[in-house]
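These notes concern the structure reproduced below.
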Amino acid sequence: MTNALATDDAGRPAPSITLEGLEKSFSRDVIALDGVDLTIRAGEFFTLLGPSGCGKTTLLRILAGLDTANKGVVRIGGHDVTEVPPHKRSVNTVFQSYALFPHLNVEDNIAFGLKMQGVEKDDRQRRVREMAEFIKLTPLLGRRIDQLSGGQRQRIALARALVCEPNVLLLDEPLSALDAGLRGQLQVELQRIQRRLGMTFVFVTHDQQEAMVMSDRIAVLNNGKIQHLGTPREIFERPANTFVARFMGHDNLFDITSREGDLLDTPLGRLTVDTRTHGDKVLIRPETIELGEDAETDANYFTAVVRESFYRGSYIEYRLDVGEVSLRALSSNQGQKLHKNGERVPISICPEDIVTVTDGE
Amino acid sequence: MPPSFEVSRRSLKWRETRHLLLTTAPGALWIVIFLVLPSLYLVSMAFMTNGPYGQPGMPLSLDAFRQLAGFGFLGWSPGNLYTLLRSIWQTIVATGLVVVLSYPIAYYITTCRASLRPIMLLAVVVPSWTNQVIRTFGWMNLLAPETPLSDAAQFLGLIPEHMGLFPSSFAVTLGLVYNFLPFMVLPLYAAFEKLDTTLIEAAIDLYASPMRAFWAAVFPQTLPGLLAGVVLVAVPAFGMYVVPELLGGGRSMMIGNLVAGQFTGASNWPYGAAAALLMLAATLIGIFLLRRLGKRAGGGEEVVI
Amino acid sequence: MKRGALKRALGIYWWVLLFFLYLPLAVVVLFSFNSINSAAIFESFSLRWYYRLLANDQIMSALWHSIVLAMSSSVIAVLLGTLIGYGLYRHRRRGLGWLIVLIYLPIVMPDIVFGIADMTFFVRINALTGWLAPGLGPMILSHVTFEIPFVALIVYSRFVGLDPTLFDAAKDLYASPVKRAWHFIVPAIKPALISAFFLSFTLSIDDFVISFFTSGPESSTLPIYIWGAIRKGVTPEINAIATLMIAAVIVAAIISLLVTRRRPQTPPEGR
Amino acid sequence: AEQKLYLFNWTEYMDPAIITAFEKQFNVDVVESYFGSLDEMYAKLQAGGTSQYDVVVPSNYYVPRLIHAGLVQPLDKSQLPNLPNVMEKFRNTAYDPGEKYTVPYQWGTTGIIYNEKVFPNAAESWSLLFDPEVNKGQPFSMMTDGQVMFGAACAYQGKGYGCKGQDAWVDAAKLVLKTKHRSNFTGFVDGTPVLPQVARGVTQLGLTYNGDYLLDKSENPEGYKHLNFMLPKEGSELWVDTMMIPSKAPHPKLAHQFINFILDAKIGAQLSNYNFYSTPNQAAVQYLEPELQQPPALPTDEQMKHLFFTPSLDGQELQMFQQIWSDVKSR
Amino acid sequence: MTNALATDDAGRPAPSITLEGLEKSFSRDVIALDGVDLTIRAGEFFTLLGPSGCGKTTLLRILAGLDTANKGVVRIGGHDVTEVPPHKRSVNTVFQSYALFPHLNVEDNIAFGLKMQGVEKDDRQRRVREMAEFIKLTPLLGRRIDQLSGGQRQRIALARALVCEPNVLLLDEPLSALDAGLRGQLQVELQRIQRRLGMTFVFVTHDQQEAMVMSDRIAVLNNGKIQHLGTPREIFERPANTFVARFMGHDNLFDITSREGDLLDTPLGRLTVDTRTHGDKVLIRPETIELGEDAETDANYFTAVVRESFYRGSYIEYRLDVGEVSLRALSSNQGQKLHKNGERVPISICPEDIVTVTDGE
């Protein structure tokens, strides 16, 4: 697909995006973006991840031109677009609420952007139909918006943005309104579409699971600042600070009381770690804890007491007590017997699986 | 950042203000010119002196208000007080009746088939699309002496022999109720339609008898609609001119007639202006009290007029 | 069960109320066909009052004035009111309390005060400048004034009901400000515009008091004419005019029903 | 027609044929507006009517008020060649000394219309209206014009129709108020619409004008068979309606032409023959129908003794009257 | 806590519930309950699980007395309550939408049921305050309902029902309106409250994960019929039929083309199974598939090609192709390298982990 109105040079369909020193405040107290520098690579599936109110939507709206930053520069494909109004940017957005026009049917919704760009009727119809085919909506073209399910609406919002063949597609929590099943399906579908079209996707979510499933790279935001920028694996397994670690769902975080080479003293006991890191806290991911028979006696071997256990289907969650310290462990459900509450079980943690993190805000 | 960017931010703010002006100023100015200024002029007229032939003029005085309070050449007279109290009373009675008549109807419509409801609402509203003079005229026809209704009333001993049901204050009340019924049904219906029936179930589930469930779960939910309806009915009923004029026969004069009388007959504009001010004040106080009531009872939901 | 009994009782009450609502109108219609001048006895069917009516230039011009007044005031009010409704919505985060007070003013102002305020003011202006002599012009001005708020509120609440991101979506999809207004805003609020027009029209038709005080010798509307006629002495001719008006209203009601019905309603979901 | 003449007249007071004739002769359109009471007329003039109408037709006692309030303009007698047709006694009258503003239109009386079947032996007296013993339960109305009502009450109380002053009015007000509070009182009605009410039986008694009575009777002899017009012996009203030109009349020239047209002998007679009122036009008398030469159209000399003008009120007096009257209405 | 208005004998606070032959239809076509027989044990956390429209709410409403069955008997604590009106049943409901009275503040909402029962003011206030303490709401007692967050409302709805000390508490999807985080918290909290009070809870949900986490026993409903009644583990690991299996999220279901003793022929290949079951399909749970180095060569050993892989944080999801057949596998993320798309990996499934299921509707 080529883009008729692309602001960057032809033949470079997916541009990179550069943000420099972006600042945005709504009032003296409300600082939504606090100096964001960021480069999003051409053609990547990039995710902005962070808790509610951290500034994700604000960042996206500035990219789309729907809001103006107080300071900073936005470059798309190398061009400074900071002052270009939204209807002149080759950037499209899939809104959280879809924002489909209720007075138009599916076909006219998809065609809206093309019509506004002045695409001829024949051409327009052809492109809408192609897009409908692509996204498997053809039978719905004549329907009114309120006759559609959530998942169908989501796909139409996507189609409406994609049919304009933008250089960059922005997606603001497009899946958060859906139930778990549909959400899983659409996550996969979105990822496939992005790979097929090779566009640059900037995706916003507050769900770390979703971010990890879909993204090439993730920027974790908090209080308008980027906390960690990296691949899902980097962020999940080596979080930059305790904020990122907690946000990724890790709760086995312990203070380091003293360190000697690769030996760390923690409330849990003495831990052998693999690499020499300089973090302030030690992080043990629950799924890395080996339990019962699987526990190996050679390194980081402890005896724990089972406080509670929860059957979670594919895995079993244990709340363990090791001395004064409470620990969460996940063990894959392969039909084994559950350990009973109060039972003493041996546990071990492989030194490579232990990481240290710095104190984040 | 280059200063030009700051400038463009300021121009953005100005653009917003210009947009606000462009959109709201024409209509707002219209209201200012054709209602606010005239009202201010009317207010100022209340402080003028009535000329010997009924033209307002200088000097400024409080004569009009003195007269309104009942002080005239002959000392104090309660005539205006009667009129004010009569207006308030008529308004309360008519509004009360409208509430009692409308509540079940609004509920009934919501229990009917969804496809029927717009038709039913329309059926209630259509009579009010004809002009108020015509509606009132219809009642004049119906209530006149020697008509079946009047004969029946005579037969029952409700009215003296030879007399009609009109003109009378009964006819005025009837006319008011008839005129304003749809204004109550519509907001009440809207409230009933939004009714969250799980609240009723919750009340019953929590051991409430049907009657208590009504007061706990239905009435509070319809209260905002009811209050909106009360405002929509009571305000114009209080200011009504046509109905008492045509159906009252000069015996059930309301404050609207007192005001109008000074401009269509007696020609004492300052006095009429003062009476209009009184009317406006009473109306605003009434709205204020209703809003207070609504806020207290309606769980914070704003009463929308 | 008890519920069934309640519903049946309400059903009966519904018909009683309808009877109450339509009885006065029905009587007017009936006696407009009376061959004699009586409100008590219907002697025989005749169109005599209608012939007299059609021959009466004044009635015909009053009818015309009513229509012109309602039409032109509604068009202007929809225009201005829509602008206000949009402005109110777009800038709702600014403190626009004064504007809201201003908008509610015509709604809470008693007709009679409204009417005399305009009348006295117009008379004063007329004395000073010669403009605003009583007549159709000032009547239209006043009618627009009390219609604007209703239009503004209807349009505003429609805007509030719209998803605010739709405005962003339109921008995002390359719509320039003008195209946005034409291809998004107007169609999106079309239902509100239609009902605002309808409401303005009926408000204008229903008004008597304000028209009465601002009208001149040549701008009587039907209600003013009827008012005068009633005060001259009731004749069946009035029944005939009123019947025409009732008929027009019922036709309008049926049209509005058909218009609103054509949009298929989404079936209400489950329970 | 290029021009329009705006005529502001009492209801049921003009022969449409005269209008047509005038329109034809002068190639104009006549736009008629109506009032039912003098109050209403006065209010309309004050509310901008002075620039809306070319000719108004007030009664004698409102003439000074209109002049002093500046609502009317002097006539240009040079434009009224027919003025000499007017009877001597209607020239240079007390209400328009010097004959500067008015030309008489018609004259007549105000009395009681009642149903003879309901009140078979009614005396020629206001007691029919004011004495609850005479009319125990039959519906009746009073006139909207407060001055006429006070005059009637004064006459009934023995102070004469033309009474004036605080004491007389307060006594009159008390009587009217008492009468108003009687259960069979149906309302204040203008002089013309009261007739169809009585004819239809809505009320059995009311105050009206002699000519209107005759006009309606001529149109509906059957309905008026049992209705009688009566001038109470205690004293009642004699009035003269006049033609005047509002101060800012848009077409004063046409207005003069119209007044002059009415003053024409044949047109004057045509008018009276139509509306059954007495003509002030001497030249027209010869063309009048005989019916107009006898009561009730023309009061007898005996009756004339009991007929009085309603007093013109001014300044302080006027305000006092209006306060008392508005108090009567609001209580 | 003892209940003043309990319909059953004193001293037996948590009654059992028995449903016999319950049938309910709304019209000829809409059969909401199609013969339900069920015993809910005293004091258990019982969950009704099923897809939308399967009849869960209908069943609950019949229990509460808000709806009447066409046929069948409802017994609570041994007493036939089929015809007892709702305000006379010692059963309370927490509605999906909470159904809090908007015109009452928090305190009056909680007190509503007590007031209706005629509890004295002093007593009422005491009990409301105790309940508020218990559920950590005390600071909110004076607030209006619209000043509360979703989670707070949920707790108030719960408190309002609990304060009446009903014998049975019915909960109709009380968590479905909440976001994932809050939902997880409240799941744990609800379970703890139930255990502490020892009441009988009947909980409705369409989320199998939620059902598994919270329940003592689960009844899976479909088309107004009970498909499977059992503990979470039974239902997850040994689903009664394919409907239940699919509803629990299992998608590795294969036809059995022939069987010989403990050997089954499937499109995947020949499988050795542990127990002799008579199901029509074989079910392999993705987390029971051992992958790569962990695969054991002795039983059910295959070679698979990795089609796609998804990083999911605590685990990694693979879509594998084994011949023509596609298979989903989950492997716990213990820091290992991801297998690449197209890579050939050995897999094995332990015979004990393979179950067969009958064809459900």
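First chain written, first letter: the chains are A, B, C, D and E, and each begins at residue 1.
Following the convention adopted for this analysis, a residue touches a chain if its C-beta (ideal position, glycine included) is under 8 Å from a C-beta of that chain, and two chains touch if they have at least 3 such contacts.
Please read these numbers as outputs of a predicted model, since none were measured by experiment.
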What is the set of chains touching both subunit C and subunit E? A, B
Quick check: more C-beta contact pairs in B-E or B-D? B-D
From the C-alpha centre of subunit A to that of subunit C, how far is it in Å? 54
Taking the mean of the CA coordinates per chain, how far is subunit A from subunit D in Å? 91
What whole-Å value do you get for the distance between subunit B and subunit C if each is reduced to the mean of its CA atoms? 16
Of all residues in subunit E, the ones touching two or more other chains: none
Within subunit C, the set of residues that touch 2 or more other chains is 39-40, 119-120, 122, 213, 230, 234
Multi-chain contacts only, two chains or more: what residues does subunit B have there? 144, 146, 263, 269
Seen from subunit B, its contact residues with subunit C in the complex are 16, 19-20, 22-24, 26-28, 30-32, 34-39, 41-42, 45, 101, 104-105, 107-108, 111, 114, 118-120, 122-135, 137-142, 144, 146-147, 178, 181, 235-236, 238-239, 241-242, 246, 256, 259-260, 263, 269, 272-273, 276, 279-280, 283-284, 287, 305
For the complex, give me every residue of subunit B touching subunit D. 50-55, 67, 72-74, 77-80, 82-83, 144-146, 160-164, 167, 248-251, 253, 258, 261, 263-269
Given the complex, residues on subunit D that touch subunit B span 37, 39-40, 42-43, 46-47, 65, 68-69, 71, 137-139, 141, 144, 166, 170, 180, 183-188, 200-202, 204, 314-316, 318-320, 322-331
Which residues of subunit A touch subunit E in the complex? 180, 188, 207-209, 212-213, 232-233, 236-237, 248-249, 285-288, 310-315, 330-335, 350, 352-353
The residues of subunit A that touch subunit C in their complex are 5, 61, 64-66, 85-88, 91-93, 95-97, 99-104, 112-113, 115-117, 146-147, 160-161, 164
